[in-house]
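One chain, chain A, links the two complexes that follow: it is found with chain B in the first and with chain C in the second.
Let's look at the complex of A and B:
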């Protein structure tokens, strides 16, 4: 993984964010646990600190404690077939484990269904335990493309969400702060997209293993000035590096796309493995999902724009869209192939990959490789099996 | 008495093909639950429900990973085996991520057959939920009108409601018989009867149901011990119900998505927002439905107490909605003094020795 100047800053701002969250109760600041696709802008507008179990789970994985925490939740009866983020998070919550010794207690739970239905059931577990208000915003899967019905449905729920926050926090919804937050969120999102677009450069100054790590601020701090400042500086650094001809993978020969979530517990190993073969992941469908809030959102149609953005993640789109999107990325990023992580934990991302791979290869001639693994459960990953398949795949390009 | 029922299930594809020929109706495959079949009947269609079945999985493996639940994989296997060739259009409900993606797989593998999506809402606000359901229903009606070539009218809807009301009444009578006289009908016969109802036009199936219900009603009630309630998505593989019969463990009621959860809802009474909302969210709670106002733990505990029965959680491997609720559900039931056990199945399973041993042990402590 690439060592950027900005990397130290990320450690600092994320440490400050978690410190503030851990101390929230002492400072009388409400905390919401929210899903990764949840509309965080409403929370920042109301002075609520958003905390992401889906961010904490990979932190546990990278620090090599996810296996132990998963085993805690399994011992309590949670099936090994459930999402490994959920198992890690529930285990961490039971023993207050992981790098932060557990997350700060929630005052409310906020769920967005634009990534999966798993989160609905997962957060229900927390709702039963903590007996705090829960608000679920349904952002339905776009089987038939972006429709007016879907947008209107989400907008109505956003309005209801304002009412929910106002009631729980016992104060009026702060529309002015909300507009500011939206503006900052859109800026950060635009900048994140520019960061990701640097992958189009040859060689690419950034790769997907880098973006997986540098994703944290756009997920957690979207809607704050900190996120805008961070990605402004990051983008400038990448432009500078690219001008110098820097490639994040030395002697880049093969340009690939990573589909699905990262394999967090082996991220360093995978980064080194592919770099050794001069293969760079210059784009991923996963990180692109947080680059969707764009356009002139500071208008009377802000909620419509926001609804459109929150309905947009790749994982919330039909297969026809997914295929066309991958074909487009192959063109735009001059890709040689795609690695599909068939993620045992993530059904909505994974089920259908076989068909999508076949169709994308048929249309573009670019090969694909399916890796069977899991995003957070290290017991599922077989290094030997992975290397055999990946080496055979990479050899295709070397010939 | 049940030979006709067993015959329907023995080769459901053949059954469906024959009835399509007899009736000349458009066949609509419903996957798997909570779409009002009344609409299909009212449009002169013939609804057939697919909820996963006992079958070997081979062809579906080319399209779905093994970590997809076997409800999803066996439905696809049936389609790839040609068992759904007669179907004119599919209606999918988005009860879970597996079904949601299966709908997309069907769109790509069977492009000549329309795939109609009925989105199940997951939202806190009841008024927003109702409005969304109404929109979804209107969209589905319009697409089904295109498939069937018929228009929905007040009259056709009224007639369909009457047919489905009769069918629902008979099924609920069957449940009642099962509760007060469990020896009158074995678990295998009971769930075979429910399953057979998936494959025939409702107006025809009631003619098979009526004599069954009337014969069973006349049987003298006998007291039994070892009463249980099964809870889960669907009692498949169906053969497993025979194990309960062999062990003389009486399934006096259930909490199954394809069973009492569905039939407790009653039928669609009209096409207004409140009607479709009552249809989907009325009746008993379901792990696949988001409804913070209904707590399945309390519901199931009351059901078990009322029936003086233990609870058996019949779990299908990789079913997330059920698996997330299981630990808290077990804890709560135990706190309430209700005996509870669980087992996990895959629908292609044929050997039930392990489950039998578990059930035997459960029977001994009951």
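Let's look at the complex of A and C:
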């Protein structure tokens, strides 16, 4: 993973964010637990600190405690077939484990179904335990492209969400602060897109193992000035590095796309493995999912635009869209191939990958590799099996 | 004359092949890996050299492959078994476009282009179903050798089906079929059908196009090859010694 000047800043702002969240109750600031694809802008507008179990689960994984926490939830009866983020989070909550010794207690729970439907039941578990209100926003899967009906449906729920927040927090919804937050969120989202687009440079000054880590502020702090400042500086640093001809993978020879979630507990190993073979992941479908809000957001039609953005993640789109999107990325990022992580935990992401791989290769001639693993459960990853497949795939480029 | 070697240290057996510059096999050796994969590789190599009547210093380059390829530090280069099997089979049968290699721990289906270039491949994952290990465990449950299982399967009478493709549950099922009084040939046939179903699914992932060849230890199983030919609808080319194709391909790659 690349050491950037900004890396230190990220540690600081994320530490400050978690410190504030941990002390929220003491300072009388409400906390909401929210899913990774949830509309955080409403919360920031109302002075609520958003906390992400889906962010905490990979933190537990990187610090190598996810396996222990998964065993806790499995011993309590949760199925090994359940998402490993859910198993890690529920385990961490049961024993108040992981690097933060548990997340700060929630005052409310916010669910968006644009990433999966497991989150509905998973957050229900927390709602029962903490006896706090839960608000679920149903963001329908786009089987056949973006539709006006889907947008209207989500807008109606956003309006109800404003009412929910106003009721729970016992104060009127702050429309002015909301507009401000949206503006900041759109700016950050735009900057994130520019950061990711630096992967088009040859060599690329940034790779997916970097963006997996530098994703944290766009997920958690989207809608704050902090995120805007962070990505402004990060983008400037990347432009500067690229001007000097810097490549994040030394002697970059093979340009790849990473599909699906990272394999968090082996991120360092994977980063080194591919760097050793001079292969750089210059783009990923995963990190692109947080670049959906348009920078020139029209605040008069804010809810429509926001609904469109929240319906847009790759994982919420049909296979035809996914195939066309990958074909477009192959072109735009001058890719040599695609690595598809078939993630045992993330069925909505992994379903269809074999078909997608076949079709993308047919259309572009670019090969694909499927790796079977799991984002958070290290018991599913086999190094020898991975290396045989990955090396054979990389050997295809040598011949 | 120039000489080259290929060493394939797999999960169950180590294979070594010594060739000359015309790809002629001068000597080869196959032995079980046991607990020390490096020693097995070195031993197999020495035996192959002895059979070829050559010494280590006569060998110009060595390529190692298989799960323990990185432990064999005497190798000039390491290659995955996927590249080696493709190279090996296309050296013997240049017309082959689809290759199925069924080894001890892995099954691989490959689509092969010109000069043995791998165009695409698919492997079994996280599961021993459809691998040599599956057949070995089942043969053990029936108290048969691997060739014994093949022979028994070819003389089946009742067309039994094994419902489980899982190696662990499959073994229990075989034992319960025995206790129900089914004959060993009928159960052997059911085992062959079960693994072939998995292999056909694997082949379909890369697409089945003629000519089709098979390598790896399981290609020696006549019942399996016959059933597979039946399922895919064409003949399968099997080299004289399918188990050494990976090591042979490694030696050909060593030649450069």
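As a working rule, the second predicted complex is superposed on the first by the 397 of 399 C-alpha atoms of A that agree within 3 Å, B and C clash if a C-alpha of one lies under 4 Å from a C-alpha of the other, contacts with A are read in each partner's own complex, and residues count from 1 in each chain.
The rule is simple: contacts are C-beta pairs under 8 Å (C-beta built on N, C-alpha and C of every residue); 3 or more make two chains touch, one makes a residue touch a chain.
Remember, predicted model here, so these are calculated numbers, not experimental data.
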{"item": "Touching partner for A:354 - first (chain B), second (chain C), both, neither", "value": "both"}
{"item": "First (chain B), second (chain C), both or neither touched by A:207", "value": "neither"}
{"item": "Greater residue coverage of chain A in the superposed arrangement, chain B or chain C", "value": "B"}
{"item": "Partner chain in contact with A:36 - chain B first, chain C second, else both or neither", "value": "neither"}
{"item": "Partner chain(s) touched by A:134 [first = chain B, second = chain C, both, neither]", "value": "first"}
{"item": "Touched partner set for A:117, first chain B, second chain C, both or neither", "value": "first"}
{"item": "Touched partner set for A:391, first chain B, second chain C, both or neither", "value": "second"}
{"item": "Which superposed partner A:220 touches (first chain B, second chain C, both, neither)", "value": "neither"}
{"item": "Partner chain in contact with A:83 - chain B first, chain C second, else both or neither", "value": "first"}
{"item": "First (chain B), second (chain C), both or neither touched by A:367", "value": "second"}
{"item": "Chain B and chain C contact sites that coincide on chain A, given as residue numbers", "value": "342, 354, 372"}
{"item": "Chain A residues within the chain C interface of the complex", "value": "342, 354, 361, 367, 370, 372, 380, 382, 384-385, 388-389, 391-392, 395-396, 399"}
{"item": "Partner chain A, residues of chain B touching it in the complex", "value": "62-65, 67-68, 72, 94, 96-98, 100-105, 107-109, 117, 119, 121-125, 128, 131-132, 135, 139, 287, 290, 292, 317-318, 320-321, 323-328, 330, 344"}
{"item": "Partner chain B, residues of chain A touching it in the complex", "value": "76-79, 81-83, 86, 113, 116-118, 120-122, 124-125, 128, 134-138, 140-141, 143-144, 149, 153, 156-157, 160, 164, 318-320, 342, 344, 347-348, 350-355, 359, 372"}
{"item": "Parts of chain C lying in touch with chain A, wherever the complex brings them together", "value": "67, 79-83, 106, 117-123, 125-126, 205"}
